[in-house]
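In what follows, subunit A forms one complex with subunit B and a second complex with subunit C.
After this line comes the complex of A and B, so read on.
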């Protein structure tokens, strides 16, 4: 069988060889599973765009490993509960067109987003801003409608030049920011060329949707590195390749099962609790995810400053699950029947099939249906489901609970897709929102997470790790918990000839 | 005759497997995570898939899906297509004109694309795959039946039947359909192969059977992701699909030769000359 595998790999590599790109170029090539959809940070929402835009644009504030806001482009001082003053660190970060980034650019960027006519998807969390006034070129004030201790953490959107905003310059096509990388070209949808400013090194981001083809390109040296979006088995296969190296870091992307609270079966707490106990997370993580994940107890990971570290883990206990179903009035003759929707991504279908099997072991009849992403996501937003699985990506601030679980956050106002309505949860969220300081907020959010662990509007599954795979000569990449590509600012080749 | 028996035997063998699959002690959906992607062993000689399910069991159950879809789609298409083609050609006039235009429209659009579009609109599922493939498959039978009837209806026995006042449905049923059945059977044998491939293609695209049900197309689709680490996931269903489609095509080819009276006569004549 080993020979057969080698034969397959060789055949595929030969086929791939016919489509090789210019091997003489010394640019770093980074493999992507999906292309960035928008290079304008005022509009970008997908993960790939957000990660690329971090390279192209600077932002006022960033997050540390505990998800606390820390200065990036600017320091800040809180002058009153509704007044923040930001001081820019000047001269370090001119825009790529040579102009200096000033407080006027910051104001123009955020004023643009706050203008409802511009339909920026980032407007909702920033609606707390009452007005922005510029003190001078290096400092500006943000005045809020109400006290919001989390506010600095909202200012993570890349700053774009005021001059270009005024002229409606198409930044989504030709981005001009002040980040460590500048835009060179985008010959087509699958290729994006950036320039690392400090050493004029070219980087090419190549979109290769198929994981096997991406893997073969990495093995053939057509791409130098990639991150995530590979089946665990392929990662294990690449770990045995001496020309490659694999790095892992714990991630925070939260996978979960969601339920409809308007459905007669899934709105029953006993049924949701039975589902939680019927799933063997550790077995799935070990055998299917190749150990590259950790069981989740809540939407926020325990290392988050607002995370609940003392939540009891949900145990795998099929007997308890059967007893709960019996208590809910179900039996083998009259089992609960649930339609489980998932996307048509093969890996998600694979996980869903395992969950379907495990739920059937305790007497829950699951009808699995996979749909293309547009149909699936449309159904989820419209509440057309009994049970579904999805993941939250890039969560930084705890106000996500307001967006996801408050009874007033039913789409389109928020992401309470299951129509979960709990007066207790609402009370915790409202108190956390109104809390004057982070300590009080943390207390309410922890209590909220205990309440959610009891009512289970979501059944938490796991946080998937981030995996970075590169050619052996590629060095210096530091992985981030949120999976961003900031490590590319330091990446280099060890081979002197290549430099 | 022996030339027909070999491909027919292969198809009948698989058809028998498909028929008996529910009665066999198979566990195609039994997930065993520690066995994920394990290659062949004396106990399970085709190995396990990406969920630790036995590939041999799934191959046999997948045959049932492929044959069920092929049988239903070809039967429906054959009946509808033959009826429409025959009636259109026999009646003629505006009915035939409309039928020809509809056939032209269907032929102008790639069949598999239309099936993908239909299956996409109706949603995934084996019943919708049957409907989608039937919608695109009847055209071939209708065109063939129409062409055959256009030549047959001018024959003396048909004119005689008309002359003695035989009703048109009876003429079609007794004097035309038996004569055009041979080419239609040959077309159906080729059609079976096309439908098996069509089902595999739609399942490959995620529009066919839904998990955890097995079909050869969905097995190949799942296997392509593991070509580097577990090629056995693709090889077994791939070879099975290739074998059945090849057998159906060869059977159709040989049936055509066997049912072709002129060809048989020519061969006999050649034999006599020698």
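After this line comes the complex of A and C, so read on.
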């Protein structure tokens, strides 16, 4: 009736035929939590793509540790408030196909992004550009619609070859840049092979979404290193493994509590301040985050050139919190009731539960609700919340304040999700926006941060550290404050004798 | 008669696929999240958002968009990924072999384990062998994949070092995910084989075979098992569909680059066209496998296609 033997033989043939893929090589293997979604820097927006694209493509400008724009592929001179001239460092960085990167490639890259028909997600901040004029192969001019001292910091998009733009070459599949790594292959979405050009060393980026499995792969030696995206308990576990080493560096991703200013409870400054004093950040950082964070006072970290270094830290003071609530007219019989929204990420729920408990200790009744990310984020943008927790990731320029706190930045025009309206904050932001130089901007932004620390549209929580974990024989990786993978340009294996 | 039966079944399957297309399309449009915002980011200018909405046809009424989507489907055009900008057809074709490979391997494992267990339980009815075999089956069906996977990794990869922890690279990488995925099926099948074989073992033709002096093994395998396998084939056909569509957890745990993990990634990224196409692909494979099972059943058992009662 049915020939089972034949059926099994056929299935076996299918398996053997399809399962024969390339065996592991001696390449460096880097574990990723999520795959880079787009290897074309004109479209990539996710953090993994941005970090991989930094290895594949060079950009005109980069940031130093104080987040000041510094020359990368080019240095620049400001010829007038609306005119910048960039000079390329020629021949330092030819494209991986051997052609020379010129000013024409820079212009083609930015012209492409500025063309609305191309739907580049990077167009919005670059819309300040009026026109780009090439002087010669090594220099070009950017003319702006209005003065913008932060402008050089916007030119961080990887440069792609003009001739490939013209031919609609699929860079997302076969990236060709001028960075320290070149593209080798992408056998499937979970594996990406790059070549470090200086020593022809192969690197394999392996996507392993599950943090436990990623940890097990590292322990089994199937990957050599990984960075971030592990729960603190796993990091603590790996720290005790003698075959591994753990490096930490302070990060800048800013976690905060946000409030609705259209809600009768959370619009009260006394309630927000009570919440700020009711949260024991240090305890949470120590016991829950395993020490891998530092308390935050503002959206920008103090080391940022526009950061405020003299903000008074928010102290954990439950008595003061209770007194503030009493002053606001609340009591144990009539406690403030707040709905607290968060995402369905298990770790975020755990943190939210702890915050809920700490707030209850001072007499705030918190109704914790977790949602699927799309629903949660949709609610936040629509202003359907009393209190929520989120994080700002990858902030580099201080114009984020304009985007987040200006009264004209209510969604969809910006990210003022709490509908915070303060004429003083608007005035500081407007003055910072109009300031002719970075020093003046810095002064206004610092004053703004003092004002925000007083009004608390956000209650700052912490900046999470970056964690790099590698096999003990892996050396030379330098961690970056923004969590980029540039350290891979110097990573090496120690000789067995050195161990 | 068989041709009529075939046409009816194919038309039914087509109607089901069409229903799935409608459901997936309209349900995804109800889910919170704007694809344009996904592509351009929250900070995009409203004018840019409107321009992209026009370019993607998202400014059209929903029924017009649905018509365009159906027209694309007729030409096998599933659209483009919002994030990677790659044609979705390419993405699916890239992932499909891995899912089929895993599904077939899991099915093989399930059959290799389930058939002997089922026979053993039926032949040694109500003995320790029977209880043992059924106990194993109960144990297997009770373990969820998200627990089974990491446990197998811990033992097979980390402690014993026999298999890679995860990823797709060679036959050895297939073992642990196939065991994980196949365990549930390997636990359902022995019960089915046991019960159908027990029925067959009491039939007259079995007594005749024994009376002819045939050895027990020949009687059970040649005469008993062959007749007992008919309902099992139906179950296997349905379960293969489930293996292909239900590998989401296993593929995620083992970083297996198949359709299941593609769906999870696409949902996380709000890449709706990819979710839409992947769900369509999964449901179509399920429907097609069901169709083949029905046809195979009708082919081997004339009572089915002629509508006669067994």
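Methods note: the second predicted complex is superposed on the first by the 471 of 499 C-alpha atoms of A that agree within 3 Å, B and C clash if a C-alpha of one lies under 4 Å from a C-alpha of the other, contacts with A are read in each partner's own complex, and residues count from 1 in each chain.
Note that a residue touches a chain if its C-beta (ideal position, glycine included) is under 8 Å from a C-beta of that chain, and two chains touch if they have at least 3 such contacts.
Quick caveat, the model's predicted, so the values are computed rather than measured.
Between subunit B and subunit C, it is C that contacts the larger number of residues in subunit A. Contact with subunit C, but none with subunit B, is seen for A:403 once the two complexes are overlaid on the shared chain. In the superposed model, A:117 makes contact with subunit C only, not with subunit B.
Of the two partner chains placed by the overlay, only subunit B lies in contact with A:370; subunit C stays clear of it. After overlaying the two complexes on the shared chain, residue contacts for A:188 are found with subunit C alone; subunit B is out of touch. When both complexes are overlaid on chain A, the residue A:220 reaches subunit C alone and has no touch with subunit B.
Contacts of A:237 after superposition: subunit B is touched, whereas subunit C is not reached.
By the touch criterion defined above, A:212 reaches both subunit B and subunit C. In the superposition on chain A, A:412 makes contact with subunit C only, not with subunit B. Looking at the shared chain after the overlay, A:38 reaches subunit C, while subunit B stays out of its contact range. On subunit A, the surface touched by subunit B in one complex and the surface touched by subunit C in the other have residues 1, 4, 8, 12, 212, 216 in common.
Touching subunit B in their complex are the following residues of subunit A: 1, 4-5, 8-9, 12, 211-212, 215-216, 231, 233-234, 236-237, 283-284, 286-288, 344, 346, 349-350, 352-354, 356-357, 368-372. Per the touch definition, subunit A reaches subunit C in the complex via residues 1-2, 4, 8, 11-12, 14-16, 18-24, 34-35, 37-38, 40, 43, 45-46, 116-117, 119, 121, 123-125, 127, 170, 172-173, 188-191, 206-210, 212-213, 216-217, 219-220, 222, 373-375, 377-378, 381, 403, 411-415.
Residues 29, 31, 33-34, 36-37, 39-40, 50-52, 120, 123-124, 206, 210-212, 221-222, 224-232, 235 of subunit B touch subunit A in their complex. Contact residues of subunit C toward subunit A in the complex are 31-33, 39-49, 51-52, 55, 83-86, 91, 94-95, 97-98, 100-101, 104-105, 107-108, 111, 149-150, 153-154, 157-158, 161, 164-171, 173-174, 226, 229-230, 233, 252-255, 257, 261-262, 264-265, 268-270, 300.
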